Amino acid sequence: MSDESASWTERRVVTVIAEAVLYERLLHDLRAWGVGGLTVVPAEGDPFGSRVGDVEGGFLRIECVVGTQVADRVLRGLSERYLSRFKVVAYDHAVRVVRGAKYP
Amino acid sequence: MSDESASWTERRVVTVIAEAVLYERLLHDLRAWGVGGLTVVPAEGDPFGSRVGDVEGGFLRIECVVGTQVADRVLRGLSERYLSRFKVVAYDHAVRVVRGAKYP
Amino acid sequence: MSDESASWTERRVVTVIAEAVLYERLLHDLRAWGVGGLTVVPAEGDPFGSRVGDVEGGFLRIECVVGTQVADRVLRGLSERYLSRFKVVAYDHAVRVVRGAKYP
Amino acid sequence: MDALELVRLNLLSPMILAFALGIVATLIRSDLRLPDALYSALSIYLLLAIGLKGGVALRATPIAEIAGPALVTLLAGALIPLTTYPIARRLGGWSVADSAALAAHYGSVSVVTFVAAQAFLDRAGVPYEGFIATLLALLEVPAILVALLIARRAQTTQEEATPWTETLREVLTGKSIVLIVGGLAMGAAAGAAGVERVEPFFVDPFEGALTLFLLEMGLVTARRFGEVRSAGPFLLAYGTIAPLVHGTIGVAAGLASGLSPGGATLFATLLASASYIAATAAVRLALPEASPGRYLTASLAITFPFNLVIGIPTYARLAQAWGGGGG
Amino acid sequence: MDALELVRLNLLSPMILAFALGIVATLIRSDLRLPDALYSALSIYLLLAIGLKGGVALRATPIAEIAGPALVTLLAGALIPLTTYPIARRLGGWSVADSAALAAHYGSVSVVTFVAAQAFLDRAGVPYEGFIATLLALLEVPAILVALLIARRAQTTQEEATPWTETLREVLTGKSIVLIVGGLAMGAAAGAAGVERVEPFFVDPFEGALTLFLLEMGLVTARRFGEVRSAGPFLLAYGTIAPLVHGTIGVAAGLASGLSPGGATLFATLLASASYIAATAAVRLALPEASPGRYLTASLAITFPFNLVIGIPTYARLAQAWGGGGG
Amino acid sequence: MDALELVRLNLLSPMILAFALGIVATLIRSDLRLPDALYSALSIYLLLAIGLKGGVALRATPIAEIAGPALVTLLAGALIPLTTYPIARRLGGWSVADSAALAAHYGSVSVVTFVAAQAFLDRAGVPYEGFIATLLALLEVPAILVALLIARRAQTTQEEATPWTETLREVLTGKSIVLIVGGLAMGAAAGAAGVERVEPFFVDPFEGALTLFLLEMGLVTARRFGEVRSAGPFLLAYGTIAPLVHGTIGVAAGLASGLSPGGATLFATLLASASYIAATAAVRLALPEASPGRYLTASLAITFPFNLVIGIPTYARLAQAWGGGGG
């Protein structure tokens, strides 16, 4: 084990910030695009923004560690199905993980 | 639309961690420095730290997607007006966004 | 001061996502590995995952700004002591900070 | 009780005062903020509590007595969006999505306004039919569906649209509907004796919890005041005239369908109020291109305080006058 | 009270109805969710409240009266894991870690099930010894320790294991134990007169708060139903037979050690219920390789609803029959 | 009631026991933690509730009766920082910022201590003037302003300082002040009859909610015990002597300005207690270079438990002795 653990791999972290109301749909789509796991943190609405979150449960910050291809697929999918219609912010960046095999 | 959506742009994400008590001031300054939107997540105090958050509402983790110039301005501004006086942590890094035009 | 503030330094942000139940142990180990401060955000369980968090207090997202060596030590330590046994996700990436001297 | 006394009773209740405090706090830029979790917890509590209470009453109500008001409710739920939509399109000059969103909000119902009206009647000592919470549940959905259907017909392009059945499912399983309908079912199943042991939680502290909730509503409402100013005269006009019209019709229809003056007041409040939970969630999902700066500002920052302060006592006064409540 | 009436009383209580509502909401894929903070707040409240109430009773109880039941409790806490472990190993063919985890969960106790049983007796008007909450505190720990010791003996490799004393400390200082034991101490120190002024918070609204908590438990339980299906027949069999066996023994042992029929019902519930707080936390820390899909699914998605709906009234009926409660 | 009985009554109240439980939980390194949202929710509740209650009393109080105590309060709010500052500078050898921060904290008031004193008197059956919550609101601000002014004068460099008016606004619109003043206004406007219907929420469960809050205070306090040790003797001395001195003066001044022994006890508690909400927020903003390891440790980890356990019964005893309450 100690052998494998020493090796870093590069993966990508995709961050999606979206109205809570989109949660179920996003989960469904992210899974379809190949995301294997994710972490959700409740976020407050944007004080500069439209404050729709104020009355309907705020925003969610979703973060998933994925491989490059999944990252591309997620960003493309979000762009096509969400970004033009909904209040969604999405970006990704490279990170260094251990045991990268867990995130294909 | 599908054309535009395929193109990634590089932007920066500035992350600011600060005592909740600074919220109003930070909002005001961030806006002045050109930040167009942001996401706030309530954070717990640092267990190694001074625990001032314990009694006055904890910390906030503020995250904003911005262009390079705004990022520089924010980090410089924070450094001048906050970092030496307040318990503030700030950093930024490059991310890949779709529809970068939204974050000048 | 304005002189020093103008200079950026590169540091690393290590992000650890772990069951809340591991909190005390993680704090202890992170400190031992040289982490000087950190920010904790409560996170919800993974809807795709085993949902153990549902009944025992969810997950934590821990974020620490550290130097390269500490980052290596933390990732290696997590890999050896946590990743194979516990539900822990950990990664790091480079960031630009002001007053890097605070995070050795 | 005369009109002035009703107004005084309403304005000086802790509920309304808390709402005012929230507004003031925002205007003086206070850092007062309720934790999001408290807001959700309170709304879950309020929805479940009115459901429970309504369910107990429902169980004791013969179907014959409720059939009339229920029918009128469903009718109103369809008619209000059908009138709101063309008004917004023509008089407001709004887009299809914006108009349909407004229709969904004004056809549906504001739970908090309803609850405030109940508390108002309790304070004034005016009796009302307990089963009216059932009508609230009935009125939550139809207007949303009608409005979405209108938008669907009017819009030609439906890029990447979610299937209609999925939208329907999302509306019907929305948390506010699940909680009210669930509460009604719980109350009806458990009955008065079964619910008695949870009354120290769901009934006695209710008005206090509502007071805290209205503090938060005040904070949220005042944050939208900026948008009221920039929204133009149509929004302001619609947000104040619509509730008066719907409320007046509601009083008449309520009395006509056999409700007591108290019941007719509540019924009027149902029609007069504009949703900002169920309808907003549905509109966010199904009509995301509609601007919250319009529908949310109208329902939350104009009609909600209007009903709280002016509407409710007005409908009560009308119901007394027409219903012969005397008083 | 006859058996049918007991079942009806149980099924139609707001508690159980709320649990059912939670299940339904998950099954129809509603977006209803309680904020995490509300879930924690309610569990802190419930634990402290039953501690307080138990402590007041404990103070008024002669040691002689409690010694018998306490001894039986400790015995049960050791025996249940000692029987569960080999059953899971042999009949289930489970791994050491999985078997020990199951043993820890079924030897320990579900606080919510206990509280639901108390509320059930209160509704039925059946008296019980107030000090039994003390036994609950006693039963939380031993089974966990025994199960971890079993696993320790059986496992050869202990890679990077945390020292045993550290694990022991973590189990003993877990929040549920601190709150119950702390509550007991507070109640015993303050006495009935001291606690009286906090009763409008900790006692009167208790059953209502429990109802809200059970709504969340329903949501959480139903999310595991998928795993029940995929978990295989052993899990389903163990999750329903074990509580019946432990509960029946519990009724007999409770009555034998001098408890009233009501007390024996509670005692049976302690034995029959399976933990999903204290034991789960301990197992996550000390046996992370055990699969939550097994131990948590069994205790939370099978045994918990089983006890709520079938177990508790069954134990109560048995205790009446054997204890001569008449009825 | 004799002194010993007062101490016993205090120590064995659920409030103080919960505080002790919180301390113990931290010392044994339990993972017990209240969600942040619960902590905020409870403090909003407590502040609004004491405001409401005080406002109802205020409405019934002739101005003449309150003028004396109010004047003394404002005086004390100015004098305590004026004495604290030089003491910290000279005897403690502290920096300007640290000394001014300490002055702000000890001149201002701890709401929880005040509320605990009220609950203590309620338990002891000692009557007091209800309007004293008004004095609490009066005492929150002046000391903070005086202390910040002192610091402003003493400091030469004010790098990037926020304009003074902005700081003043931030202090005055801080959430604790908005909630207490708002609650007072609500209570005064609604009157006893108006508030009655929210009493099952804001009044009856109050002491229980306070008990839960003190559990959290115990957790938080104990986390600072390490800093008490490292902080040196001056902090410990000031943190225990100052409340005794201020409290004793408070008893005398309270009685002299016409308060009953119960009222004088509360008044003494106001002076004796040290803020850790309003003052802390203001100091974080305006004097960020002051070390929380000093001012927060003194007010939270020393003076707060000191007043809870020793101070309050002492002031009550003094007030009885001097005020001729007999007892």
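Chains: A, B, C, D, E and F, in written order; residue numbering restarts at 1 for each.
In this section, a contact is a pair of C-beta atoms (placed from the backbone, for glycine too) under 8 Å apart; a residue touches a chain by one contact, two chains touch by 3 or more.
None of these values were measured; they are calculated from a predicted model.
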Intersection of contact partners for chain A and chain F: B, C, D, E
What chains, if any, are shared contacts of chain D and chain E? A, F
Measuring between Cα centroids, which chain is at the maximum distance from chain D? C
Would you mind checking which chain's C-alpha centre is most distant from the centre of chain F? A
Set C-F beside A-D; more C-beta pairs touch across A-D
Is it true that over half of the residue numbers where chain A touches chain B are used by both copies, so same, or is it different? different
For chain C and chain D, what's the span in angstrom between their mean Cα positions? 45
Chain centre separation in whole Å, for chain D relative to chain B (CA means): 37
For chain A and chain C, let me know how many angstrom lie between their CA-based centres, rounded off. 18
Multi-chain contacts in chain E, i.e. residues touching at least two other chains, fall at 29, 31, 35-37, 40-41, 170, 200, 205, 281
Residues touching two or more other chains, restricted to chain C: which are they? 1, 21, 24, 41-42, 44, 80, 84, 93
Chains touch in the following pairs A-B, A-C, A-D, A-E, B-C, B-D, B-F, C-E, C-F, D-E, D-F, E-F
For a test of understanding, state which residues of chain E touch chain C in their complex under the given definition. 36, 40, 159-160, 162, 170, 220, 223-224, 276-277, 280-281, 284-285, 288-289, 291-293, 296, 300
Complex contacts: residues of chain D adjacent to chain B: 29, 31, 35, 159
Which residues of chain E touch chain D in their complex? 12-14, 17-18, 21, 24-25, 28-38, 41, 119, 122-123, 200, 204-209, 211-212, 215
Residue set of chain A touching chain C in the complex reads 1-2, 5-6, 8, 11, 13, 27, 31, 35-42, 63, 65, 93-99
So in the complex, which bits of chain C are touching chain F? 1, 21, 23-24, 42
